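Structures incoming, each one as structure tokens.
Below, chain A partners chain B and then partners chain C, in two separate complexes.
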Partner chain A sequence: MVTKTEETQLNRLESQVDNGGGGAWEYLCMVRKLKVRRSVKVLKHGLLILNDSKKRSSLGPEEWTLYEQVAVAAMDCQSLEVAKDCANALQKKFPESKRVGRLEAMLLEAKGSWGEAEKAYSSLLEDNPFDQVVHKRRVALAKAQGNLTGAIDLLNKYLETFMADHDAWRELAEIYISLQMYKQAAFCYEELILSQPTVPLYHLAYADVLYTLGGIENLLTAKKYYSSTIDLTGGKNTRALFGICLCTSAIAQLSKGRNKEDKDSPDLQSLATAALEREYKQRASDKLSVFTSGFKSLKVSS
Partner chain B sequence: MAEDLVLDTAIRDWVLIPLTVVMILIGILRYFVSKLMRSQQNPDAKVVREGQVVIRARNLRAGANFIPSKSFRARRAHFSNEENGLLHVPKGQGQNPQAQMFSDPNMAMDMMKKNLSMIIPQTLTFAWVNFFFSGFVAAKIPFPLTQRFRSMLQNGIDLSTVDVSYVSSRSWYFLNLFGLRGLFSLILGEENAMDDTQRMMQMSGFGMDPTKVGIFKSVSNRDDSLEVASGLLNLLSTGPRFAMLAVTLLLSLGHSIGLLFFTTLEMSLACLGV
Partner chain C sequence: MGGGGGELRYEISQNAYIKLVLHSLKHKTSAVNGVFVGSSCDDVVQIIDSVPLFHNHLGLLPPLEISLIMIEEYYSARGLGIVGYFHANERSDDVELGSVAKNIGDHIYRYFPQAAILLLDNKKLEALPKGKDRLPVLQLYTRDASKNWKLAGSDGGCQLTTKEPAANAVLLDYISSKKWEDVVDFDDHLDDITKDWLNPGLFE
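Up next is the complex of A and B:
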């Protein structure tokens, strides 16, 4: 995760570099360290360093890391010629390297020759079955081809071994959601909440999935998780506030006529509505009428 | 008397400095040799998996209150049921990493290589020092020390009358052997300098990988602690706490505190009662 201070630092460096203030190498190092995706900038500033032979040689052995970084950024920007040049330079320097092999397989992938890329990745995995990056690339490859079930299979196989990798769980959850397999997605979000219990986004996504699944039990749980999202974000998450209202009305609808033991719901809903109303008044007062009329219908149904 | 001892400058030129230089060179040489001999270690699938299982189980234990109790119970069963749970270690198996180590020839080979790269140069230099420079005083440290240091600083000289601040050549060798780590970390980079004392410890532990033992221990520990966590879970069920937190938070944000105060009080009491 990128913390807030790191992000501001990065943005400051970026604007400094953009305005010709120097510090390009520091910026590139930071991008690499934080693993953020700023390919256009990386490509631009990285190429400037690489094309200047004096600057390049002053990096020493770090030069090759820069080649790799620029190559990946270039693939992301579809400047395949640049990526190819970088990969060739690395190939010349490290002819036997697996890492360069990975880069070349990625180049094939970027070109869209799926079959060859798949073959290259498989042979890389045969040499080293624990290369997490290659595993993930294969998933991305399957996803790029639109083969979502294949991607799910690969991810499941990967997670069987690397089950503490929360990024993979997240990807799996998103794929499941896109295939409307909500039960499986719920499991993945549970796993994500377990690994990072204080990230409100996972709570929110989990609540969304539970709400979509429906059923009184899931709705009650969804409401709890919307509540936890509100708690974790300090009441700033509009989606969670809406979620509370929707959940409450759905629960009321389902349990109509039944004696409810859940006493806190009217409070929570009215509070959430009040918070939403306040938010609308502050940010978009012209939409307030739409909001109130929309909520009237919600209340009528409840 | 001790003050009368005057050291020949030739001792400095021919013993003290050469000994230090040789020790440094040997340290560097050994680093490169061990780098050459280090075989590309492919991690064992089982070991990788076990490490990941332990992390996940730890997360489960720590975050047990953040997921619905039904999901927690399903996961707990997956991790620690008696037949095929991930954390369940069959009795008598995996408990003895030492036995497992001997069954793996690769590991024994690695260990031997490690030890060879350490023992051979060490014996050679020790023999060399012993042969050429034994039995005389090589240096004097500029501050006085107590008698206890005699065995450390005057190894090889059996004179009780010499002042302790004089260092014998063999002791100088030992001081170098154990004290050059800082210098190596400067020359070879921080993480590359392998401490001799560390090596010694490793040898006395017979090359046992501490992480490996740790995993086995933690696997069985997690197994127990998950059981404990499930007991706690019944006390702290997820739901009402979250709802209450959200309500109090929204209340503090909102303005209608006075109106809703009594209802919240009632509700929170109800929540606490759950």
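Up next is the complex of A and C:
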């Protein structure tokens, strides 16, 4: 995951490069390190270096890393000719390489030759069943064809081997959410919370899924996870504060008359509302009245 | 809505239309959604404005509820309400109206029975620079008597029109000047409440 500081740094560097201030190579390295998707910029600035033989050779062996990076970015931008040129350069330099083989398979995928790409990935996996990138490409291939159940099957199989891959769990959760399979999505977030208990994002996503599922039990649990999100972020998470308001109001509606389990609600509710009110007053005062009038009606009378 | 014979028409303002198409262009690789705001009079639903909603986890309820509460609150004070739902699929070749979109449409329908779902038509959007199509690059879905969302027929084009006839030309202009970079949605707002989902100044 990319932190806020890293993102600011990256954006600053990006605008510097965009405005001709230099630092293109540093920028490209940072994009690789953070694994962010800035294909248009990578293609533009990477190609400028590759087309300048002096700049290119000054990179030393890193030159080949750049060829690979630009190839992938070019595929993402549908600049297939550029991608092909890069892949050919790499192929010439490393004729036996599996990594270049992977790139060529991706090129088939970018062209939309699904069948051929699938074949190429399968044969790469026969040689090396533990190539995580290829496994993930196959998931992407299924997704690109709109075959979401296929993508789910592949991801589940992948996760049997690579259980600690958080990104894969997240991807699986997101596909489940898009198919409205909320119970399965909740399971993914439980896995993520178990393996990384201090990441607020997972607590928040879990709470959101439980709230969507509905029912008194899920709402009570959702509220706990909104609370832990607030705890883990030092009270700074707007979504979780709103989540508390929604939960409390939904719980109150569902348990009218037999409101025993949820005694702390009024307090928590007014704390969350007050925190949001303060935030809006200080940082977005033009939305304060919309917020207060909208969420006043949600308030539960204690 | 007692019969009346005449078919419902939807007239969308240029800004409401362009704002949401730009929103989908800002997040090309994910599904995005939004709502249309307006009012109805006789057999015409007038779409005056729009609010871009989300580009992540469209299927989750809490962010949606938060946004609808605040949007309702803001526009009802101005005599307007939510009259439609906008959706753009994740894959550009996906022309189906998915279940998440239908469910959100159902929700809006409960409060506004003439509600429409407008699905972005990527094929038409891509063809815009080549043609002189004046119709919005959106597919119109309305709810039929059996409560299913149905694509308006081949003549459906006339059921949905833009208020300003040159809206597509303006849209192309904004696309070429990368106007989409400036669109703020409710996801952005919830991550940083100083980001304004009303997008003031976007068209100035």
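FYI, the second predicted complex is superposed on the first by the 269 of 302 C-alpha atoms of A that agree within 3 Å, B and C clash if a C-alpha of one lies under 4 Å from a C-alpha of the other, contacts with A are read in each partner's own complex, and residues count from 1 in each chain.
The definition used in the following text is that a residue touches a chain if its C-beta (ideal position, glycine included) is under 8 Å from a C-beta of that chain, and two chains touch if they have at least 3 such contacts.
Bear in mind that the values here come from a model prediction, so they are computed numbers and not experimental data.
By the touch criterion stated above, A:T149 is placed in contact with neither chain B nor chain C.
When the two complexes are overlaid on their common chain A, residue A:S15 makes contact with neither chain B nor chain C.
Once chain A of one complex is fitted onto chain A of the other, the partner contacts of A:Q253 are absent, as it touches neither chain B nor chain C.
By the document's definition of touching, neither partner reaches A:S113: not chain B, not chain C.
By the touch criterion defined above, A:Q132 reaches neither chain B nor chain C. Using the contact criterion defined above for the overlaid structures, shared-chain residue A:S123 touches neither chain B nor chain C, since it reaches no partner. According to the touch criterion, chain A has no shared surface contacted by chain B in one complex and chain C in the other. Residues 29, 31, 57-63, 65-66, 69-70, 72-74, 90-91, 94, 98-100, 103, 190-191, 193-194, 196 of chain C are the ones touching chain A in the complex.
Touching chain B in their complex are the following residues of chain A: 128-130, 160-165, 187, 190-191, 193-195, 197, 220-221, 223-228, 230-231, 234-235, 244, 263-264, 267-268, 270-272, 274-275, 278.
Listed in rising order, the residues of chain A touching chain C in the complex are 37, 143-144, 146, 174, 177-180, 182, 205, 207-209, 211-212, 238-239, 242-243, 246, 279-280, 283-284, 286-287, 290-291, 293-295, 298. Here chain B touches chain A in the complex through residues 42-43, 45, 48-49, 52-53, 55-56, 59-60, 62-63, 66-68, 71, 75, 238-240, 242-247, 249-251, 253-254, 256, 260, 263-264, 267, 270-271, going by the rule given at the top.
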